[in-house]
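Labels run A, B, C and D following the written order; every chain starts at residue 1.
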Amino acid sequence: MTYSVAVAGASGYAGGEVLRLLSAHPNFTVTTVTAHSNAGQRLGDVQPHLRSLADLVLQPTTAEVLDGHDVVFFALPHGASGALSEQLGASTLAIDCGADHRLTSKTDWDEFYGGDFAEPWVYGVPELLTVSGKQRDNLVGATRIAAPGCNASTVALSLAPGIAADVIEAFDIVTVLAVGPSGAGKSAKVHLLGSELMGSANPYAVGGTHRHIPEIKQALRGAGAGDDITVSFTPVLVPMSRGILATSTARLQPGMTEADVRSAWELAYASEPFVHVLPAGQFPRSADTLGANTCLIGLAVDEDAGRVVVVAALDNLVKGTAGAAIQSANIALGLPETTGLSTDGVAP
Amino acid sequence: MTYSVAVAGASGYAGGEVLRLLSAHPNFTVTTVTAHSNAGQRLGDVQPHLRSLADLVLQPTTAEVLDGHDVVFFALPHGASGALSEQLGASTLAIDCGADHRLTSKTDWDEFYGGDFAEPWVYGVPELLTVSGKQRDNLVGATRIAAPGCNASTVALSLAPGIAADVIEAFDIVTVLAVGPSGAGKSAKVHLLGSELMGSANPYAVGGTHRHIPEIKQALRGAGAGDDITVSFTPVLVPMSRGILATSTARLQPGMTEADVRSAWELAYASEPFVHVLPAGQFPRSADTLGANTCLIGLAVDEDAGRVVVVAALDNLVKGTAGAAIQSANIALGLPETTGLSTDGVAP
Amino acid sequence: MTYSVAVAGASGYAGGEVLRLLSAHPNFTVTTVTAHSNAGQRLGDVQPHLRSLADLVLQPTTAEVLDGHDVVFFALPHGASGALSEQLGASTLAIDCGADHRLTSKTDWDEFYGGDFAEPWVYGVPELLTVSGKQRDNLVGATRIAAPGCNASTVALSLAPGIAADVIEAFDIVTVLAVGPSGAGKSAKVHLLGSELMGSANPYAVGGTHRHIPEIKQALRGAGAGDDITVSFTPVLVPMSRGILATSTARLQPGMTEADVRSAWELAYASEPFVHVLPAGQFPRSADTLGANTCLIGLAVDEDAGRVVVVAALDNLVKGTAGAAIQSANIALGLPETTGLSTDGVAP
Amino acid sequence: MTYSVAVAGASGYAGGEVLRLLSAHPNFTVTTVTAHSNAGQRLGDVQPHLRSLADLVLQPTTAEVLDGHDVVFFALPHGASGALSEQLGASTLAIDCGADHRLTSKTDWDEFYGGDFAEPWVYGVPELLTVSGKQRDNLVGATRIAAPGCNASTVALSLAPGIAADVIEAFDIVTVLAVGPSGAGKSAKVHLLGSELMGSANPYAVGGTHRHIPEIKQALRGAGAGDDITVSFTPVLVPMSRGILATSTARLQPGMTEADVRSAWELAYASEPFVHVLPAGQFPRSADTLGANTCLIGLAVDEDAGRVVVVAALDNLVKGTAGAAIQSANIALGLPETTGLSTDGVAP
């Protein structure tokens, strides 16, 4: 079976990655690509790396243009997908790579984003533990899916197994992420210039202000964290276009051993095609996941510090965004979950 | 049809890339991987990005281990494949990613490499123009194939159309390449340390000493260049793991116009799946080819300087090495040429 | 003796580098800094690396603000310094880091820049050979100085010795440069984003369109090149904030030997504090000049190709711009030429 | 007054940086440089960026060669400086950039390093708070100084003010560092190759095993931390040659406010020439300290997480090693503390 697909926001980084993956997917045919200021241009002029789709012409992002496809991917600035998606048929599968439909709490939305609060859609992280199983179960047959925030899903996947198994505390989590700037999008801003980023490590949103914090807490609450959950979260831009390496630490629950820790994570992800727990003593490098839909996790117990250290790597544009979107679409449509997605990174 | 495959030298960069591509290829099954000092280890410990093959165990690189496969890829230091390949059955398809079987002239070999001269194998650049057609024709049914040098094939693909069409002179070619260090392999050398390379552009083999020079001349002679061909060739290591951007210039033949130039290149590559000539005014970026088997070419005529400028980009480990090897294997075995190979780069 | 100094355009990359060097200079006191959109801010908020000047407040860039200083450095977009400098006292030393006053030919200006043609000022490359000596001689006592284009001065310093000594031909010069993006300034443009530049080599201004071409020709004509001079010039952005590595090749004059070549360059720069010819077999790396006012030159003769290959490295913001400006100011004011300038790069 | 200086280990990264700074220092004259395998070579061949010292010849690293200088800097692998320094005259100022003389506890040494335990020397971080003042006081007149570990001093300077003022808890500190690989030295190792590092974030020594952990604890105990101090410490190699960006968090003491926090740090470093607390809302970038002896500190209080977040940036080879060594030498010898050291980074 082949589904017709439209991608809204095809000129940006997330939209481009959705297209790269769709082009290699046997069950999807990209028939429509839309953009804002680039409408009218060939895709090949705007995304020169997408050779297989170079002759598609970008159309304006309107409900008329998007309507009538089996699947629509939104890769737009936040605030834009709500009104557009309401005009799509109910049976159309709509997947939002933006933030609009991720948060279930209007209070969180108002505090961290602002503007109109849109209804929450099914959260597109299939491997995420929930108190009743895994998020995958909620994605079967879904027609509205919210792809995750790249930083948020990295941290949620890092810590959910320990929380679900009550091996670590959700209180006083600390996470610091080395991230590439492609997650910040393709808009021209001085602090994202190559001259500012190359040769430097640049923190931002320091002190609890990053928008992915409520998303992390929501995901971990879904895995069993109590209301006392706290997350100190600091992202640091480092000189690589893509990739996230998240170092997350949480307090070890009293009485728990290294074996308990390892067993919680290994059990959680044993049969997962895209989330791999590395052997003891091995830790992931972000480049090992480049271009792949893989999240690699390394574990250590620091007994002196009383903390579990979880290092997780993924490609922010794949497993963090576009790959998660397509994996979720596969599940929603009843396709084999791994269709069109690779586990092997482009390294070195 | 599925072919059993062995990869010799699986712990290095070229070997790793052959494996990444093979793993996604529907007609090849990797049954054997070999290494030297890493023999005995899991592939996952040595090539952590190759998740789909992580549990393969590296065996020693011996003729006994390699024998009995339908296809054997060699990704060894030069000098090593000759003796091993002689012990393989004549019907086994052997593809060497090293330099041993590329040069047809023993004099060239002695001057630039030294050591025993091995017999030349069919050169694995299908799109390369020859005086009688394209190199593709020679690959059909071949059982011994020499994958190209990454720099050499970039320059040869850049200039062959102009030489074959007699639009440019082969005398006084000048080419300067920005290259990533993965082409230099995975051995620990001080000048390849990250600290030495990051934030710097470092030339090497300046002044006509690089080993790919005779390979370029040989390829261009095959496309019609006369004995007066000269190539000034300078590679510059720049801070990216992968990629080649070659800026090659040649003197415009008297009377030739920009239209003649563009037409020579466009005609040569019009139907090629992996070599694309960009529209006038567009020039390739190396990252647009990352992970893909694509060579992108941009053209300009500098009338004031009397030179055609050809800028070509490719991924040294894919179109420059492993992708060329697999594309050539597809042709040799009668498979569709594009099987298992992508045209779309992982960008940004 | 201490001179009062104003820097116009202090919020950009060139202006910032002028300030960094001035702050370490014993004879200059920065009393005024100006900017356009950043006027009113503390310098420390805009140029956080300039700790020693953090409390200076940016003023608007007007003739009133700039007037009354002993020395004024202009680091403005081209077209802006002409009118402002006319309003400065004739005895004020004015140094322009922009392009306005470099070209002596209105025809060149019209073809490559456009807009009003401003009078040429003394060209600020002291070591540049002229038919009557060195450019240094023209700088003594000058009150209007045009700092060079960074790419242009790299190529001019690379080739002038060979042209002046008639060792190489000026006809059919080919030069390809690996350059960091800081030379393109601090304005927010998509093609200068870190995501676009990191992991990639990106050519621009291909085919003879770069604005530094007439400047190179003018400089080399000054060193003795004839009217048949041609320069094929291609810059390639590579992933480093700063630095230029220029690979320039020119045809060896008939009868000339490697010894003739080496002697021409060594003689030209033997007593120069900031331009160093490396021993045979050594070639410079751009990072070796980071932060220093040094230009390093390596030489090879490729007899097979009939070309001399000159590889030159410098820091585009120091020797290529701000350092050249201050070195020229030292000469103009009668200070020791090396005052306040370092030869040692910040490496690795 | 001018002091004669020898640098042992002049071919490495730390030794090279000591030399770069010494060359610009008005009171030091480098008369002797030594190396191991590079002995006999010109310094210019091994450290091509050190133009001002290029003609010095490397001698073997022996007590005979080092003896008789006013000052000796050791930049050797750990374990090497002890025996050599014992043979120096007692009045010679010896400064060790290695780890041998930093730890006061033999137990710590045995656990994290092993081999012979050498006597502790005065710790070379002048700004570090102690229960009786600052470490600077201990450096006056010292003849044996241990320059700090680069990571350790970054974290110690980050947190000591809060601990000394009892604003944060020393229990349950968490710190994650983005670091450049030059701190790991110039030896050829596969995991330090450019191909492995570029485009990637690579953690190492995860889970409490890094050798700088006891050094951090020792420094913070000196500032008043109790025996319950714990430090979860994770370094991540990121693609930049130099620089450290440390994100350190600690629990806010009950009742403390953001004003208390800011005041503790500002008071501690108000008059420090090289440690600067940034205004509220500003956070440092590692490149802003490149080549400078500056440590920049940004502060935030995350009330929701109950943690103070301290982001500190410095150049691992300058303020983290060689600059700290020279600053300490200035103090020991009674020179003005800032002599020969810059506060302004080479950015962008």
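Criterion: a contact is a pair of C-beta atoms (placed from the backbone, for glycine too) under 8 Å apart; a residue touches a chain by one contact, two chains touch by 3 or more.
Bear in mind the structure is a predicted one, so any value in this text is a computation, not a measurement.
Q: Identify the chain pair with more contacting C-beta pairs: A-D or A-C.
A: Looking at A-D and A-C side by side, A-D shows more C-beta contacts.
Q: Which chain is most remote from chain B in terms of Cα centres?
A: If we average the C-alpha coordinates per chain, D ends up farthest from chain B.
Q: At what distance in angstrom does the C-alpha mean of chain D lie from that of chain A?
A: 38
Q: State, to the nearest whole Å, the distance from the C-alpha centre of chain A to the C-alpha centre of chain C.
A: 45
Q: Any chance you could list the residues of chain A touching two or more other chains?
A: 13, 182, 186, 195-196, 198-199, 239-242, 284-285, 287-288, 290, 347-348
Q: With chains as vertices joined when they touch, what's the shape: line, ring, star, complete or other?
A: Looks like everything touches everything, fully connected.
Q: Would you tell me which residues of chain B are touching chain A in their complex?
A: Chain B reaches chain A through residues 13, 16, 20, 23-24, 45, 47-53, 182, 186, 198-199, 241-242, 276, 278, 282, 284-285, 287-292, 294, 296, 342-348.
Q: Could you please specify the touching residues of chain A with respect to chain D in the complex?
A: Touch residues, chain A against chain D: 172, 174, 176, 178, 195-196, 198-204, 206-208, 213, 230-234, 236, 238-243, 245, 247, 249, 251, 283-288, 290, 298, 300-307, 309, 311, 313, 347-348.
Q: In the complex formed with chain A, which residues of chain C make contact?
A: Checking each residue of chain C against chain A gives 13, 180-182, 186-190, 192-199, 239-241.
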